[in-house]
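Take this structure first; my questions come after.
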């Protein structure tokens, strides 16, 4: 007999969300994961507002992946208004989004540690360790972006202040220190993940799915369709309860995020399952730090960083800003009119993309693992209810 | 019982010196010597101040990163120039460990408040190590100075120095010196400075008085750390005479009396001087009358 | 004493809860961004409930509940949550510009898929239901981690001197850069020190060299209340640092 189980809230995740599971003999037949935070209306808030306000507002969509939204909206507006930004600014933006990536993955480690440790003291020690690296990564964000949580230096036309050579040298020293700490932290994290799997006798391929993977590189070649909860659910309360939309890629679901990046960039053969996801995410911290160091060491960052052209367009061209956010592809689409006002705004966030991947992963697994599977995707509810 | 006691007008200090830099005798050079000494003694590795930009004719905040840069620094007193607007950038981007500040009482108030509450700038604000307060009789705008000079029918208003001498405010350019009495100067004061009760920058390590008397400027030392500046310094230093202190004190008193009048005037019309504490005037008088009992250092208006 | 903890005992840690209404979670992350100072604080306080940090579904009894984000009118989860918090927490602290003054949520107009009816958003300080329960307001978007650290310390030490201004702010339900113009510049209290420019998280305030005053660009303001709170002329019942 098929039973219906509701789990709400899901602790150790960002925001307020809910799981609805159809269960047969303790095995999930079908699962839905959705957000319960009210729609925050950033898409409509920006309509008929001056384009210069967009990066500031977009940054406030999310307190975790802040800067990637600012960068995406700035890119979209620059695209719509044909503003070319200096190369230095591009590099600095890459630097910011890489540090956001490391910062976010580390934050996820703090959240997930609630699952890994039974003893609060041990968890405390683990968190202390993670905090040390987060501190160094955040000082990079602070230096380049002008703030940790809502960086104010990201403006249309580039970045508002360059990085002088002495500052750059200090950052390199910081990143070297962070790298050392990160190596240790990643080892500890992977060790504990392995231990968790062994202790709880979890299946190796827990949370496997057969969906394709997608990154920002191939997103422009696929069809994107947004579907509403009203279309998915049959029951009435659900239709009006869920506050996030779901994105279909080529009429199908897809996974985006760390695993997709690994597959695209390193031709990695995925084994599937959420344990792999945890490991890859941990490894990506070091990779991001290395990339930050590479940019700092090879690029000249003290040149002109801003094109002060006023953003206006013909109201026809749809500007698209695609950024590879920590959780996957983040897209902002915008149209700007002659007076510099936004006339159309659309946001596609990675968590909305991953909703189907989460649902697919839940299929065929035991009920008690459901929350763990959701957590592994590091869903960001604030983003998905933008 | 109203009384303008020294503890209130000058604040508590441990020692008073008069200092004179080598070279041309001017109060700005004396301040520069003090800053250089702080760099030399490794008390600071960077300092913010306000500098006169002669080209643009503005007073703007500057950030001095090493002893060499002090040479280019043109301190101009009694104009604040938005000094604290630099703070975020300096503390976040440059992340100096030992930051100094040379500013007037309200600039230091801003920093002290930031340090106490933490609003505005992050942890880095704890990195301030040396606060050089500049005794201030009230801020005046560049336009105000222009008007003052026009009143005196001065034809060439180019000026690069302002300081106190003989109870007068002196404006100086390359060729000439113009002096103004407190009364003349007070009219053009910034409205916000007319309610100020902290002329001597009480919340600082050391207060530099931009005065000049035989080439010497008065300095009030408030903390042990600042005392280090006077151990074998690169400028000539003497113990301040009673008359040195009294000269500034009488000028400060003069301004304080006028400020009290303004505060009373505001109180009469119910113009607030403080948003959060509607009874500010009550507090003011209560404290005023208990001058012996209360520790004035703890209260700032 | 401003407030009292039920069954306050030195052995028992002060229990904190973090709640998230309609917001970005940034304020909670700012709390985590205290980095090295966080473990120090965790010795005296316990994070008893936070959806991000604790593996708990029920809300336990709390001493202090930190709420971020605006209350969405008619949204039944918020109604349930607010009722539960009122019952279980001794005091509530509205953390961040949204919860305190509305912040950027003041610009929310709704009409967005998939739930276009989610259009009414108000700061929790506007809720009469919570009058008297909300003791303090923390301005900022997001509040500085250092500020949060100092605030928590003051809360634990019952430092009234520190907390008083934030107690008064409960009665201001709107903030913007106009505050600095209204309360400081207009009232002739501005001295041109530039502290508000440093406090502004969006560069809506900038310094004009010519006039020696802040200039306010209302386009960029998110209404977090930092500028007036940061201004040395707004409130200063703080002791001057004593130098030894």
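For reference, chains read A, B and C in written order, and residue numbers begin at 1 within each chain.
In this section, a contact is a pair of C-beta atoms (placed from the backbone, for glycine too) under 8 Å apart; a residue touches a chain by one contact, two chains touch by 3 or more.
No experiment lies behind these values; they were computed from the predicted model shown.
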With contacts counted as defined, which of the two, B-C or A-B, has more C-beta pairs across the interface? B-C
Relative to the centroid of every protein C-alpha atom displayed, which chain's own C-alpha centroid is closest? C
Would you kindly tell me how far, in whole Å, the mean C-alpha position of chain C lies from that of chain A? 26
Could you grab the centroid distance between chain B and chain C? Build each centroid from C-alpha atoms only and quote it in angstrom. 33
For chain A and chain B, let me know how many angstrom lie between their CA-based centres, rounded off. 49
Two or more other chains touching the same residue: where does that happen in chain A? 147-148
Give me the residue numbers in chain B that touch at least two other chains, ranges are fine. 88, 122
Among the residues of chain C, which ones contact at least 2 other chains? 145
Of chain A, residues touching chain C in the complex: 8-16, 36-45, 49-50, 52-53, 56-57, 60-64, 66, 107, 110-111, 114-115, 124, 127-128, 131-132, 134-135, 138, 147-150, 152, 160, 226, 228-230, 240, 242-245, 382
Chain C - residues contacting chain A, complex: 20, 22-30, 32-33, 35-36, 38-39, 42, 51-57, 72, 75, 77-78, 103-105, 107-116, 118-119, 121, 141-142, 145, 201-203, 219-220, 222
Please name which positions on chain C make contact with chain B in the complex. 139-140, 143-151, 162, 164-165, 168, 183-184, 187-195, 197-199, 206-207, 209-212, 214, 226, 228-244
Of all residues in chain B, those that touch chain C in their complex: 56, 58-61, 79-88, 103-104, 106-107, 109-123, 125-126, 139, 141, 190-196, 202-203, 205, 222-226, 271-277, 297-298, 300
Complex contact set, residues of chain A against chain B: 139, 142-143, 146-148, 161, 167, 170
